[in-house]
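Take a look at the structures listed below.
Paired with subunit B in one complex and with subunit C in the other, subunit A is shared by the two complexes that follow.
This part shows the complex of A and B:
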């Protein structure tokens, strides 16, 4: 199946936050009690009950003032750090469409995904199980649009064939964020500015220590263990043990 | 006159075997977090959550016993001399059959190295284990680094344990007696730890 993805066109976003509300409605998530911090941005970060939110990026003064809106969510990585570190096969997984879904029944509450994610997205709910945006994988599997996309009044949020969305964004002169990073993000941004303007990493990647842990130490470790066992066995049958009565005619290995 | 000479006190032996049991509990409860292949090992503990709990309890037992065992022998294991250099140069005589043994103290150079390594690895595993006890409690970069180092010292310890178990059992017949019931044969002591043997016999 062709990979599906979100394309989030920041220039079209009016920060109505309909996406936040539609997500809560479809995923049956309660509201978070919050306080007024002098910004329309609310809550200040993703929570176990908030799978996507609008970040308000306010920079400059007077005439130089800029207001940028960024829909924050799980970016559905092709090479997903959360899946890489998850010890329980199938607790986090790629759907047929390429979304990063999860199965709370298989989650073992280890919190590894929280640390494996390049974007600090996964949260744990009151039952100590993983939660995050799964791209409404249930709706998508049944041919529907994700709830946030359906609710978006300006088509800032789009969902569909990944290649077509990229081609369309490029045709209209937009800079696409996440086309190739992490084997391609499944939620990309068509940015109205540079990644830094949106507080996004220029080249997002799996954390270096996570890469070393899972792709270097783990395979070498398994090899090292069996190598040590093999070396011990080989030593025993060639040179042999240091017997207390050591009157041998040969020098071993013969 | 007895054919045996005392090598390890009851304290040494009990601490060592509590440590050994804790080690294997740690290995089997931790492997499920290390690779998908071993996820089934959690079944020994009643499930992943219980396995992680067992790992934490065994971790504390291991940390305490490992530090105790190191301190109990630190005087012998932290001191290296010229004979130890010769021992390392000859790979402990393990590369050929029936060679002449290099005179060694209570512990040979390899054992001393393993004792020091065990202590360092225990501290490293303890510190990183403390950081990842609750993987969301501390800063992400520190937690990620700790997860990596915990895995690194685990595999180093596994390789060390394989060598340790081989050399302390079938690789050197008679060695395990010392840790099992405290005494080793005099012929063993003369061969493997001649300097220590002279000390205890008082020659």
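This part shows the complex of A and C:
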């Protein structure tokens, strides 16, 4: 299946925030009680109840003043730090379409994905389970557009075959952010400005420590985990259940 | 709108001024951005840098209330540089007409036109007239060189509006001023189109009507009326404002813009005589000459059809205005405040927050005996008696609350800004005990009529002789379920008897095909002549969903229906030259094939103007051409800059006439403390304006009850520039107090570069802005900005001046 993606054309965003509301409606997310802190931008950060939001960016003065709007959300990385770092198989995963989905039943509340994300996206809800934009994977799997895309009145948010979106954006002379970074983002920006204008990292990457984790420690850890389970079972069979917990804790990770 | 939403995509230049379309009409930006995709330039002129400005190619700031100065400078720029469309003006406007030589202008009369009476505060308009030939037809100079012709006078009048003078009034840097002028005026060529998207930022001023007039003049100079991508486009603030205006929401009109009768117009013949425009020009269609057909058909729809011609079909039963009476919003609440009004239906509105000088409005409601509020939610009006500063024990007003169905809970039509009347269906049944508006009205009608029949009364016939055939009548004689289609059909109109027209027989009970078939002999009915053609024997035109666009310019003639007679672009006969060929060959609206018109429904089917026996292109005006010189206005045939009632400068830089000389002055004339104002007063040194935000709608009664929307815009705020904030020790996020002569509100400060200080008359003027979507009934949300706004209205319409007034701002103690 061709990889699906979002293309977010910042030149078309009027910050109407229909995307913020449509997301809450489809995903049945409650409102956060908010106060005005001296800005239109609200809530000020993504929350467990807020999967996408518009950042209002004021820069410059006088004739050089600009007011830019950026839809912030999970960027559905091809090489996703959150999936890489997640110790629980299947809690975070790539869908057939290439979106980064999650299964809260498999989430072990370790919070590693928060540190593994280069864009500070995952949040934990009241049950201490991971939440974030999953690209409306339920809608997409049924052939529908994500809720935010459907609500967008100006086609600033587009969703479709990743290759086609990139080709179309380039054909209309736009700079694509995220075409190759992190094995290609699944939510890209067609920027009318530089990444800095939008407070975006020029070359987003997964923190170095994550490579270490993914490529060295995690395989060892999993090996160690199963080693520990094996030892515990042996212990159970040979000694009995009483000391299982202690042994497991003591020897875990060996 | 003369044009319609989709048509915005056909523009080469889009000016958004007096509106903030990106925030308040978000869907419009679909079409604005489509135009930009094709290379259009977007110009944003606003006191504040808005979400609209963020998308604009050119942004120009201006001080609130100085639009005429800004646009007057553009007229001067167009005329000085001969950027106008001469042929268009000669054919379609009164630019070549010769004006009465005794007519004098503000440049000679210190800000006034000839005929002003200081005592009456009004004009004798006798010199605001054209020179006429022996037949009474206006004289003209097709070369437009005669010093008394309209174009030359216009140039002379606006010669005072130099960029230096304009910039010194508006505070707009000259560079941006000229950028806007040059971009907009580039569309004076055939084949180029510019549009204006405006809203309350233009209307809600003491010179509101003249703001629009100034832009209409620019559009006529550039040949931008009638063409695709052009026009003068009012963005309506609610989905059905256009519909409610068409169907006589306002006091001075009956449905279809027929004038409300005056008490001195004793009978139908007098009404027709007094209200029908006349012309001596055989080439003018003067469509309003059909007035008698429309008023007669309206009476036949309103009242029992047994009423005969001898009974004037019930003309006596129509409500009438006392001669000279103004029953506009400000006047109603003024009279309520003074105790003259005893009962009040507040239907689908929240005047405790929406009314200018809302504190006065709230006090006025305490003088009522009873009030019925009809709304989806409790609101500041329904609960005014327990609001801030109110003592429930001291208020005798009995308040009734009727819960009503939302738009999704009922079937019917809405008419959008583009005049498209679109049918929509009930999605879900009404919640709880709420009912459709029509059901509530139906119940009221039968109960009130029954009371009149049982108990008599002063004037029962106005109610008991209404026609009320909107559904099946039960054994009790009452209708229990309104048939909304019956209402729509009555609006269209029926033949009330067999009638032969142009050789074709129409049977009694048939729906009238279009308003050309309406009669003044009582044989037809029509609840609104403009909508005649909307529901015919062919079916409900409003419910059509055809998606073909044979024109290629987005007219979509089979999608819903649009008044009049499905004409999608008004004045479209001005989109062609004398031979019927479109100015814009790539985006033609209509064109003459040699034997007939193609394209949109033409504004009258007559032949092109070069052929004999035709009629001029502006058929609703007696002279048959568009009015660059518009003598119908109260303050002058050309617009002139006057300062807002409350303004930050001592005198009008252009003349000794500071304010609009013909506005009704409430404070001076009525003397109420509530109507006080402070102009150029150190206590209230900052200019203020009000606006809406994307996240809330109107006073917020619907949106403040949706937590998702409250999350994004939770409470009252005031926007101010960093210089003023520093001066006042205010930081972003601080709670501040904003006060005017009428009241005060608390708000969170948003300190932003999006407001800049203005340099005006050598001084620095600060402006702040506040939304009016909040009310005390929502916890922690703050109260309405209309507690600050003044009791003063436009001279022609009395729309309140809520967009320019004076305030002070202090950090909350």
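As a working rule, the second predicted complex is superposed on the first by the 215 of 254 C-alpha atoms of A that agree within 3 Å, B and C clash if a C-alpha of one lies under 4 Å from a C-alpha of the other, contacts with A are read in each partner's own complex, and residues count from 1 in each chain.
Operating definition for what follows: a residue touches a chain if its C-beta (ideal position, glycine included) is under 8 Å from a C-beta of that chain, and two chains touch if they have at least 3 such contacts.
In this text, all values refer to a predicted model and were calculated from it rather than measured experimentally.
Applying the stated contact rule after C-alpha superposition, one finds that A:44 touches neither subunit B nor subunit C. Legend: residue contacts after superposition of the two complexes on their common chain; A:124 is shown touching subunit B, with no touch to subunit C. Of the two partner chains placed by the overlay, only subunit C lies in contact with A:68; subunit B stays clear of it. Contact with subunit C, but none with subunit B, is seen for A:21 once the two complexes are overlaid on the shared chain.
Counting contacts as defined above, no subunit A residue meets subunit B in one complex and subunit C in the other.
Remark: subunit B residues 32-36, 39, 42, 48-49, 52, 93-98, 134-136, 140-141, 143-145, 147-148, 151-152, 154-155, 158-159, 162-163, 166, 170-174, 185, 187-188, 191-192 touch subunit A in the complex.
The touching residues of subunit A, when paired with subunit C in their complex, are 11-12, 14-18, 20-21, 24-25, 30-40, 42-43, 58, 60-63, 65-69, 153-155. Subunit C makes touch with subunit A in their complex at residues 22-23, 26-27, 29-30, 33, 49, 51-55, 176, 693-695, 707-715, 717, 731-734, 748-754, 756, 780. Chain contact summary for the complex, subunit A toward subunit B: residues 85, 87-89, 108-112, 114-116, 120, 124, 207, 209-210, 212-213, 217-218, 220-222, 224-225, 227-229, 232, 235-236, 239-248, 250-253.
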